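Two complexes come next, and they have one chain in common, chain A, joined by chain B in the first and chain C in the second.
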Partner chain A sequence: MVAFYNEMNTADGGVRPHYSEFAKWLQTAAPERLARKRAEADLTFHRVGITFAVYGEDAGKERLIPFDIVPRIIPADEWRDMSAGLRQRVKALNAFLHDIYHDQEIIAAGHIPAAQVLGNRQYRPEMQGVDVPGNIYAHIAGVDIVRAGEGEFYVLEDNLRVPSGVSYMIEDRKMMMRLFPELFSRHKVAPVLHYPDLLFDSLRTAAPDGVEDPTVVVLTPGAYNSAYFEHTYLAQQMGVELVEGRDLFVRDDTVWMRTTRGDERVDVIYRRIDDDYLDPLAFREDSMLGVPGLLSAYKAGRVTLANAIGTGVADDKSIYPYVPEMIRFYLGEEPILNNVPTYMCRKPDDLDYVLNHLGELVVKEVHGAGGYGMLVGPAASAGEIERFRERLIAEPDGYIAQPTLALSNCPTFVDAGIAPRHIDLRPFILSGEEVRMVPGGLTRVALREGSLVVNSSQGGGTKDTWVLEE
Partner chain B sequence: MLSRTADHLFWMSRYIERAENLARLLDVTWQMSMVPQSLDAANQNWQAVINLNSLEDAFFAKYSETNAANVLRFMISDVDNPASITACLRMGRENAHAVRGTITAEMWETLNATWIELNTQNTDAMMTYGPSDFFDWVKLRSSLIHGATLGTMLQDEAYQFIRLGTLLERADNTARLLDVKYHVLVPTGEEATTDFYQWGALLRAVSAFEVYRKTFRTGITPSRVAALLTLHPSMPRSLLFCLRGAVRSLALVANDQSGETQRRAGRLYSELRYARIEDILASGLHEFLSDFMDRVEDLCNGVSNDFLVTPQAAA
Partner chain C sequence: MARYHVIHETRYDYGSSVSLSHQMLHLVPRTSQWQNCLDYRLDVTPAPVWRKLGTDAFGNPVEWFAFYEPHEALHIRSEMHIEVHPHRIDTLSDSIAWDALAGRLTYRSGGHPDIDDLAAKRYLFESPHVRIKHELADYADDCFTPGRPVLEATAALMEKIFTEFEFDPEATTDTTPVLEVLKNKRGVCQDFAHLMIACLRAKGLPARYMSGYLLTHPPAGQPRMVGADASHAWVAVYAPGSGDGWIEFDPTNNLLPDTQHITIAWGRDFSDVSPLRGVILGGGGHEPEVAVTVTPLDDATADTP
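Let's look at the complex of A and B:
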């Protein structure tokens, strides 16, 4: 049995210093009050409509992401290291993206095989030689981090396409302040509610050269997208239009939106639509979500897309193992955050090892996301393992495997009372003239006992995340 | 503002207003059905509800008799009726959902909570204990939405499109209500049938009973009821009131291509403003109301073409 790191308690039953004040409060809090507060939170989230649409069965229904009332607390010094590591990582990833769409030095230097980059499904040849403002590709990154032990953090994946979840970070904070105001007078919790301001600022500075007062819009696939709440929320908080593809059109390599007072030029598009759907003329022609001609306007430098087209190649699971190499190559620094050791099934030796250790490993689809199409060896049945074995043998290129990490636990309010559940953390990193973030991020928690999968589509919940100020 | 956003706002308010007026229409029909009368006469009143909304095909595909239970069920919650109160509230909420970033949090939450509560309403219980509580609830929710709008929303362009949707829909609905009830109560066009209860119920359906008393201080007569609902300048559900508001809102959102729609709205308003009820009744209330409803529909199409429809969507 692996001993999991508990965020609040030490192995000998003591309480870690940064949780001591909270533990005292928890002792005096009646369980009935906590249960009532949790019910109140559910009710409020329903009424406010902070819900996500579900794919697959029950399609069309709106569901709540369960909110847990026990915060995840991060001490100041840990956050200092973590944020330095995140800054470093995102800088290197942006440098990598610029490089592979221009001179490809990292390939020439032999650090990454050319086929891994250029042959990647997410690599966009259309972007070769295209200059983007400030050389920023991933304006918004959501980097998933887990803790395995004291001071031991691993990056699980870098989300550089359209990372979501930041609205839950904000709503969870608002909910905690509403439910338990007394806790905030007993802790110096670093604020996060200004995230939309930082985002707006980053987007404005990303405007094409020469645009003095840029018009920023948020581009959504529409009301049936699972993250629609977040799209409306961010647009509203930034005070910009929330547009769909059909609201925009391209004329003379310029993007316009249709308004009640005529056409208005658009300079920066915070797009929450995948590359494939952005422009039916350039990518998937069956896309109803995109804007015909957008790529052409983008390449002409008349509009900025955030994130840029073609970032997917850098957060692809087959590229992930090379990120430490990127940090050394572009920044000349040693990585601050760890990468999880990764077996690449396209390598025969690795595949061999993986097939012999399926029961211990986590196997992921290279292009998968959202916890779909993944095998958690220790939790899987013999049948599931066999099915995955067949898929692996059939298409080894499509998979990577990693050792099952001993994800840390955090006390969580469940039906039986307070019990440990596994968590991860997704901080949101904004790149503009400088790299900025709000302290903490979104903590996701696997509500099922023993489960290591925190994705909301797989029964995960969220927690408020407190970075304590010194 | 985005044309699509304006379109959603316009339809959001139209659907909410329609749900409220449907509740009012059904409520008055229900109240009138409790006055002693023959079964045929009662069913005729319910039949009028179906005709009024041009729902004969959909209704008779499913039911054979226009009795209270069938019509109420069909108009309140039948999933096969796209014009039921439930359907209107759902469409109102869906339109609001599409622009929840444009309306205020209070407005959205009121609309969303309405939808959540609606799903807990039990149509069977309504049939057993009477639907009036439900109709009151619909009216109350609509009032809450109006209140949240008035109390929290910036009175900008977005607000004017909400206002336009509400007023044009209400004008049409009041005209419809008057048209159908007037002819049930005054089949020959004479001033003979002045049933206090029936007319009282009609006035209450548009929350105009007290207004009537204040305005006329005399017994209820059909022509005065008609005058109140069409030409009263400050009764919030009268045709004149609605048109005056619509003309104002149109002026505030005017763009390069909306001149003709403004002209037509202004002309219709002026005709009402200087009309006399005696003349209207002399040349036929039904004809007058039919013409009015056609012209309101024309205005809605004008608003749609001038502001809401994107060039490509129209092509």
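Let's look at the complex of A and C:
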């Protein structure tokens, strides 16, 4: 049995210093009160309408993401290192995107195989040679981090396309402050509620050159998208229009929005639609969600898309193993955050190893996201492992594998009382003239006992995340 | 050298009114070492409200235009005078060995790839219409014997496709997958080009999709080539050290293009260089009428075998 790191308790049963105040409070809190508060949280989230659609269930069925009342607390010094690592990583990823869409020096220098970039389905030749404002491609990045031990953090994956979840980070904080205001007078918790202001500011500074007072919009695929709540939420918090493709049109290489006040020019689009669906003239012809002519306007520098087109090539799981190399190549620095050792099944030796150790490994689809299509070896049945083995042999290029990490635990309020559950962390990193983030991020928790899958689409919940100020 | 007058007309009768239309065209010919456009004009009726000329990701000229007013038909007439210089190479046997080339293009950690090799790699991997499967490598196997010069092997592959496949416009559509073409052994120039490209890439060799026209009315005594009444498609394979580094093959006609193929654009496959691509709002069912006429301007075209 692996000994998992517990965020609150030490192995000998003591309490870690940054949790001591909370532990004292928890001891004096009556269990009935906690249960009542938990029910109140559910009710409030229902009323506010914070829901999440799960693909594969009944169409249109929405669900609450369970909220846990035990916060995940991160001490100031840990966050300092982590945030330096995130800054470094996102800078390198943006530099990589600029490079592969221009001179491709990292390929020419032999650090990354051309096949991994040019043969990648997320690589967009249309972006070759296109200059984007400030050379920023991933304005908004969500980087998933797990802890395996004391001071031992690993990046699981980078999300550079349309990372979601930030609305839960904000609402979880509001909920905690509402349920347990006394906790916030006993702790110096770094604020996160200003995230929409930082986002709005980053989007405005990303506007095309010469635009004084840019008009920003949030572009959503519509109410059937699993993250539609978040799209409406962020638009409302920033005080900008939420639009669908049909609300926008391109005239004379310029993007316009139909409004009740007449047509209004759009300068920055915070788009929550995948590349494939953005412009039926350039990408998928059957897309009803996009705006015909958008790519041409974008390439002409008449509108900014956040994130840029073609960022998926940098967060693909087949590119992930090369991120430490990117940091050395572009920044001349050693990576601060660890990468998880990764077996690339396209390599015969790696595939051999993976097929012989399926019971111990986590196997992921290279192009997958959201925890769909993955195998967690230690938790899988013999039948599941055999089915996955066939898929791997049929299409080895489509998979990578990683050792099962001993994800840390955090005390979590479950039906049986307070019990440890595995967690991860998704901080949101904003890149503009400078790299900015709110301290912490979204903590996701695997509510099933022993489960290592924290994705909300797979039944995960969330926690408020506290970075303590010194 | 050959000179041609080319007219490429496309007519859409929408049947009902179209209120908004965005179009992206690959109709302006590409200039190359062996091809020079003397004049070009594009007439569009009704007149577009907005138009722009630019270059796509593969260096091809591309023209965009848009209509914001209702219209019921669209007529596009592309007209050019163009000269094509001989560029066919005489011997295929002194080209680099295909397996040595494929090996050279394989990634080695820390190795510094040649700059031309790196540029060629854009045409080495899967693209929207070209999936690379082992069946394709298997199909090409007998042409690619160890150490064989790449152009000889490619010519053998071209001949194999030409011999074993039947030209049949009814057999496929724009989206028929390469593996289905391989199974049914029927198709048109676009299918044969995609198939040949997929085989070459499966062997580790970069290959381009070439889009353009053929002489429609050949000089007296010569047969009219297949695919001459519309846009034509053929293939170029990367062969550093031979010609300008890319050598063309026409699997539909089993020959190496020289002065009878007029190049409009090249890309990874058809999706990169589709002559007309548009998005319209409104309109009924509509199949465009397309007509291509290529006329030699003088008798200087009589340089074909």
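Here is the rule we go by: the second predicted complex is superposed on the first by the 470 of 470 C-alpha atoms of A that agree within 3 Å, B and C clash if a C-alpha of one lies under 4 Å from a C-alpha of the other, contacts with A are read in each partner's own complex, and residues count from 1 in each chain.
Following the convention adopted for this analysis, a residue touches a chain if its C-beta (ideal position, glycine included) is under 8 Å from a C-beta of that chain, and two chains touch if they have at least 3 such contacts.
These numbers were taken from a predicted model, which means no experiment stands behind them.
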item	value
Room on chain A for both chain B and chain C (clash or fit)	fit
Of chain C and chain B, partner touching more chain A residues	C
Contacts of A:235 with chain B and chain C, given as first, second, both or neither	first
First (chain B), second (chain C), both or neither touched by A:110	second
Which of chain B and chain C A:24 touches, first, second, both or neither	neither
Chain B versus chain C as contact partner of A:347, first or second or both or neither	neither
Partner chain in contact with A:249 - chain B first, chain C second, else both or neither	both
Chain B versus chain C as contact partner of A:223, first or second or both or neither	first
Smallest separation of CA atoms, chain C relative to chain B, angstrom	6
Chain A positions touched by chain B in one structure and by chain C in the second	249
Residues of chain C defined as touching chain A within the complex	20, 22, 24, 49-50, 52, 54, 56-58, 64, 66, 68, 107-113, 115, 118, 121-122, 124-126, 268, 272, 277-279
Sites on chain A touched by chain B in the complex	46-49, 222-223, 228, 232-233, 235-236, 241-244, 246-247, 249, 257-262
In the complex, chain A residues that touch chain C	104, 107-111, 113-115, 118-119, 121, 125-129, 249-253, 280-282, 285, 292-293, 296, 299-300
Residue numbers on chain B that touch chain A, as the complex places them	1-6, 94, 97-102, 105, 108-109, 112-113, 116, 157, 161, 253, 255-256, 307-308, 310-313
